[in-house]
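Listed next: structures, encoded as C-alpha cells.
In the two assemblies presented below, subunit A is common to both, partnered first by subunit B and then by subunit C.
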Partner chain A sequence: MIYFDNAATTKYKPDEVIEAVNYYLRDVGVSPGRGSYSLGIEASRMLYKSRTAVGKYFGMSHPERVVFTKNSTEAINLLFKGLLKKGDHVIISCYEHNAVLRPLQDLKQKGIIDYSVISREDLGLEADTLLEKYANENTRMLALTLASNLTGRIIYKEDWMKFFHTKGIITFVDSSQGAGKLALNMTESQIDFLAFTGHKDLYGIPGVGGLCCESKAHFIPLIQGGTGIHGENYVNPDIFPEGYEAGTLNMPAIWALKTGIEFITAHSDTIRREEKALMTYLLQGLTDIDGVKVYDIENERVATCCFTIDDLSSDKTISLLDSKGICARGGIHCAILAHEAIGTVESGAVRISLNYKNKKAEIDQLLDTLRSR
Partner chain B sequence: MIYFDNAATTKYKPDEVIEAVNYYLRDVGVSPGRGSYSLGIEASRMLYKSRTAVGKYFGMSHPERVVFTKNSTEAINLLFKGLLKKGDHVIISCYEHNAVLRPLQDLKQKGIIDYSVISREDLGLEADTLLEKYANENTRMLALTLASNLTGRIIYKEDWMKFFHTKGIITFVDSSQGAGKLALNMTESQIDFLAFTGHKDLYGIPGVGGLCCESKAHFIPLIQGGTGIHGENYVNPDIFPEGYEAGTLNMPAIWALKTGIEFITAHSDTIRREEKALMTYLLQGLTDIDGVKVYDIENERVATCCFTIDDLSSDKTISLLDSKGICARGGIHCAILAHEAIGTVESGAVRISLNYKNKKAEIDQLLDTLRSR
Partner chain C sequence: MHIVFYSTSDVFKAEEILNNENIECKVVPTPVQDKAYCGVCVETSDEKAKDIMGDMDFEVLE
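Right after this comes the complex of A and B.
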C-alpha cells in the first residue's frame, strides 16, 4: 500500500512515539493534577515537560503557556469563541481550513463578529497595503494558515505578522499543516497565538492539539468542568493553562507528542531534504502528464500538492489510484475557501501529501497509473 | 505500589485494550471520514463499530447516535451549551461533579438559565413530590450523576427519569462514575441523554468520551470545523453525529474503547462481585477504626468511598498513605456541591476508589496504616 494522505494524518509513527504511548499506559497510567501521591505528581511533571517541549519548539518566551486540547480545531474554537467580542473584525486568507472559517462564520451568523477574506491575488501584498485594504477600525485579529491543506502553498508571512502585531492587531497562525516542516518562532515572528495538532507533522498520535499563547490577552474557556485544582470554585478557576483544560487530559498522547517533537527536532534536516526532493520529483512528473493541472505549482510549499485531470473526475481518479493500492484524497478538502480561490468547487481536486518515508518508486507508480488512465 | 484512585482513572488496562491502541497506530493509522480509499473506508467502519458498541452497551434504540468527544466533560458542555435556551431551568442533585455544575453556573452567570439543587435530604423523595418541590414552568432538564465521585453513593434513580421524561422534561445522566459497574438501559429507563468517559470503568484509555443521544432534541455543536463530509458548507453540516465531531477524531482511543466495552461485557459479573466484596471489607475495616468517619455508608454504592479522620487532616492522611506506597486522593474532589452536602468543605476528604484487581491484602495495608497513625 502506498500512503499519500499525510496531510490528513501522518500514518507513519516513529517507534519511540508508540513506545511512549505504551509506557504511559502501562507504567504511569494515572491522571496529572488529580492526586498528590507520588505517581500523580510524576504525571503532573510529565505534563509540564510535554507542555514546555511544545512551547520551546514554537519559540515561546514562556513555553509553559500551552493549552492542550483534543485537536487543532478545538484550539481554534477556544481562541475565537473565547477572545472575539461583539463588533470585532477578523482578516483571514482565502486558504483557511474550515476549522478557521466555520467558527468565524458561526460567530458572524450570530451577529457577533465580521470577517474579511484576503483574495488569492492579494497574497503578495506588502503588509501596510494589506492593512489599508482589509482592515477597519474594528479589526482585532489577523488569522493565517501556515500552509494550505489543499495545495500545500505556504500562506503564512512573517512580515505580515510583525506589522499587524505592531499595529495592536492580534496575530494568529493555524499551524495544522506545516508545523514540523517549517520552524516557527512565535517570539521573533510576533505571533500572538498559534494552534497546532499533534498527529500530523509533529509525529504524535491523534487526540491532542493545543493553543500556544504568547499573548496574555484574556479569553474565556470553551469547556467548564473539573480542573483538579480549586475544586471549590463554582466555575473554572482563572488559572492558566489549567483553567482551560477541564476534564481528564489525554496524557498518553500528550507524552507521545513530546517524543514526536524530539523526533522531528533530531531529524528535521533529513525530513525536509527528503520531502523536498520527493515533491520536486512529483511536481515534475505531474506537469509532464497531458491533461493534468497542478495548482500553486510556482509557490513555496510544504509536501502537499493538488491537481485536476481534464478527462477524469477527482472521485474517479481516487478510485483508480485505490485500485492500485494508492491512498490519496479527492473531492472537497475541508477548505471551501481554497477551492473557491483556485476554482475547483465543482470538480474537486486530487491531493497528494507526502512524507519523507515515501519512496520515488511510489511516486513512479502514481505517475504511471495517471499516465495509463 | 497500591492504587486506590480508580475513580480518577482506571490505572489497570486489559492487555487487549492496549493491543487495540497499538493495532490502530501500527496497522490502520489513518483518519475515518477523510479519504475514500479502502483503508480510509475501513477506518470509517471501525468508527461505526465503536459507535454502535457504545450505543448498544447503554441500551440505545439507535446505537449509532453517539457523539464522540475527548472526555465526559466536553460531552456535558456540548449538551448543556448546545441545548439549553434562555429562560430554561435545570434540576440537578447535590452530588453532581463540577463537570455538571460549572457549565450550568457559567450559563447562569451569563443570565441564560437557572438551576436548582436537590438537597441530600430530598434524594429519597418520590418522583412526583420531587417534581412538585423543585420544578417550575421553565424546567427543561433533570440532570443526575450515576454515582457520586466523592462518596460512591448511587444518585441516579430510574423512577425519577421515567417520571420526568413522561412530563416532557429532558432526562440526562452523567455516567462518568459507575458506567461499567452498573448496567444502564437508556431506552427502558427513558434516559434522553447520557455522557460517558472511556478511561474509567469502561476500561478504555484517556482521550475519549461521548454523548449518547436517545432523544432527537436538537442542539448546536460546541466546536465548528472540518467534518470530512459536506466540506463545501460554511458551517458544520446538520448531520448527526458527524456535524458534532469537528476535527480529527481520536481513533486509537475510540477503537480501544470498543475493546474495553467487550472486556467489561465479558467480565462484568466478576468485576461487580470482586469489587463488592472488597468494598464491604474496606467499609467494615474503616468503621472499626477509632476516629474515622465514613460518609454515605448506608447507601447503595459503586466501589468508591470517602472518609475523614478526627485527628488527621485529609492532606496529612494522603501523605502518610503515600509514604507507604498507597495512592489515594484527598482534599476537594472536583465536586464542591457534594462536599457542601456532606460537610467536608473545610476538612476535605480521603477517597478510596477500588478496582476488582485490588487485593484484600492491599486493603489490610491501608487499614493498618490508618490504625497506626
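Right after this comes the complex of A and C.
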C-alpha cells in the first residue's frame, strides 16, 4: 500500500510517538487538573510541559499561552465565535479550508459579521495595497492558512501579518497544513493567534489540536463544563487556559503531540530535504504526462499538490489509483473556496500529499498508473 | 509557606521557575481556604520564592 494522503493525516508516526501514547496509557493513565494525588499532579505537570513545548515550537513569548482543543477546527471555532463581535469584518484568503470558511459564514448568516475573500490574483499584493483594497473601518482580523490543503501553495505572508498587526488588526494563522514543515515564530512575525492540529505534520495522533494565543485579547469559551478549578462557579472561571478547556483533555494525544514536536525539531532538516526532493520529482513526472494539469505549480509549496486529467474524472482517477494500492484523495477536500479559485468545482481534483518517508519508487508507481490509464 | 494560584498551569510554571533557580519546592494539594484556588499549589520554605513569580496571579499562605 502506498500512502499519499498525508495532508489528511500522517499515517506513519514515529516510534517515539507511538511509545508516548503507550507510556501515558500504561504508566500514567489519569487526567491532569483533577485529583491532587501524586499521579494526578504528575499528569498536570506533563500537560504543562506539553503546553510549553507547543508554545516554544511556534515561537511564543509566553509559551504556556496555549489552549488545547480536539483539533484545529475546534480551535478556530473557539477563536472566531468567542472573539468576533457584531459588526466585525474579517479578511480571509481564497485558499481557506472550510474550518475557517464555515464558522465565518455561520456568523455572517446570523447577521453578526461580514468577511471578504482575497482573490487568487491578489495574493501577490503588497500589504498596504491589500489593506486598501480589502479592509474597511470594521476590519478586525486577517485570517490566513499557512498553506493550501488543496494545492500545497504557501499562502501565509509574514509581511502581511506584521503590517496588519501594526494597524491594530488581529492576525490569525491556520497552521493545519504546514506546521511541522515551515518554521513559524509568532513573536517575530506578530501573529496574534494560531490554530494547530496534532495529527498531520506535527506527527501526533488524532484528537488534539489547539489555539496559541500570543495576544491577550479576551474571548469567551466555546463550551461550558468541568475545568478542574473553581468548581464553586456556575460557569467556567475566567482563567486562562483552563477556562477554555472544559471537559477531560485527551492527555495521551497531548503527550504524543509533545513527542511529535520533539521528533520534528530533531529531524526538521531531513524532513524538509526529503519532502522537497520527492515533490520536485513528482511535479516533474506529472507535468510530463499528456492531459495532466497541475495547479499552482509555479508557487512555493509544502509537499502537497493537486491535478486534474483531461480524460479521467477525479473520482475515477482515485478508483484507478486505489485499484493499484495507492491512497490519494479526490473531490472537494473541504476547500470549496480553493476549488472555486482554481476552477475545479465541477471536476474536483486529485490531491497527492507526500511525507518524507515516501519513496521515489512509490511516485514512479503513481506516474506509471496515470500514464497507462 | 504555600504559594497558591488560580490557574493550575501557573502552578507548574512556578515550579519550573523555582527549579531553574535551584529553589527547593514541591507541588502539593492546596490547603483548604475560604477563597477558592486551584487544587494544587507550590510549597516551599525559601522566602525568595515569592519574589520571582513574575506577573503571575498568586497569593502566599504562610
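Note that the second predicted complex is superposed on the first by the 373 of 373 C-alpha atoms of A that agree within 3 Å, B and C clash if a C-alpha of one lies under 4 Å from a C-alpha of the other, contacts with A are read in each partner's own complex, and residues count from 1 in each chain.
Operating definition for what follows: contacts are C-beta pairs under 8 Å (C-beta built on N, C-alpha and C of every residue); 3 or more make two chains touch, one makes a residue touch a chain.
Keep in mind that what you see is a predicted model, and the values were worked out from it rather than measured.
In the superposition on chain A, A:369 makes contact with neither subunit B nor subunit C. Shared-chain residue A:225: touches subunit B; no touch with subunit C.
With both structures placed on the common chain, the touch criterion links A:299 to neither subunit B nor subunit C. Residue contacts after overlaying the shared chain place A:313 against neither subunit B nor subunit C.
In the superposition on chain A, contact of A:9 is made with subunit B only, not with subunit C.
In the superposition on chain A, contact is made by A:36 with both subunit B and subunit C. Comparing subunit C and subunit B on the residues of subunit A they touch gives the larger count to B.
In the superposition on chain A, A:45 makes contact with subunit C only, not with subunit B. Looking at the shared chain after the overlay, A:21 reaches subunit B, while subunit C stays out of its contact range.
Residues 34-36, 228, 231-232 of subunit A contact both subunit B in one complex and subunit C in the other.
Per the touch definition, subunit C reaches subunit A in the complex via residues 6-13, 15-16, 27-30, 36-40. Contact residues of subunit B toward subunit A in the complex are 1, 3, 5, 8-9, 11-13, 18, 21-22, 25-26, 29-31, 34-40, 69-74, 76-77, 97-99, 101-103, 105-106, 109, 197, 199, 205-209, 222-228, 231-236, 246-253, 315, 318-319, 321-322, 326-336, 339, 345. Partner subunit C is touched in their complex by these residues of subunit A: 32-36, 41, 44-45, 47-49, 51-52, 64, 228-232, 237, 239-242.
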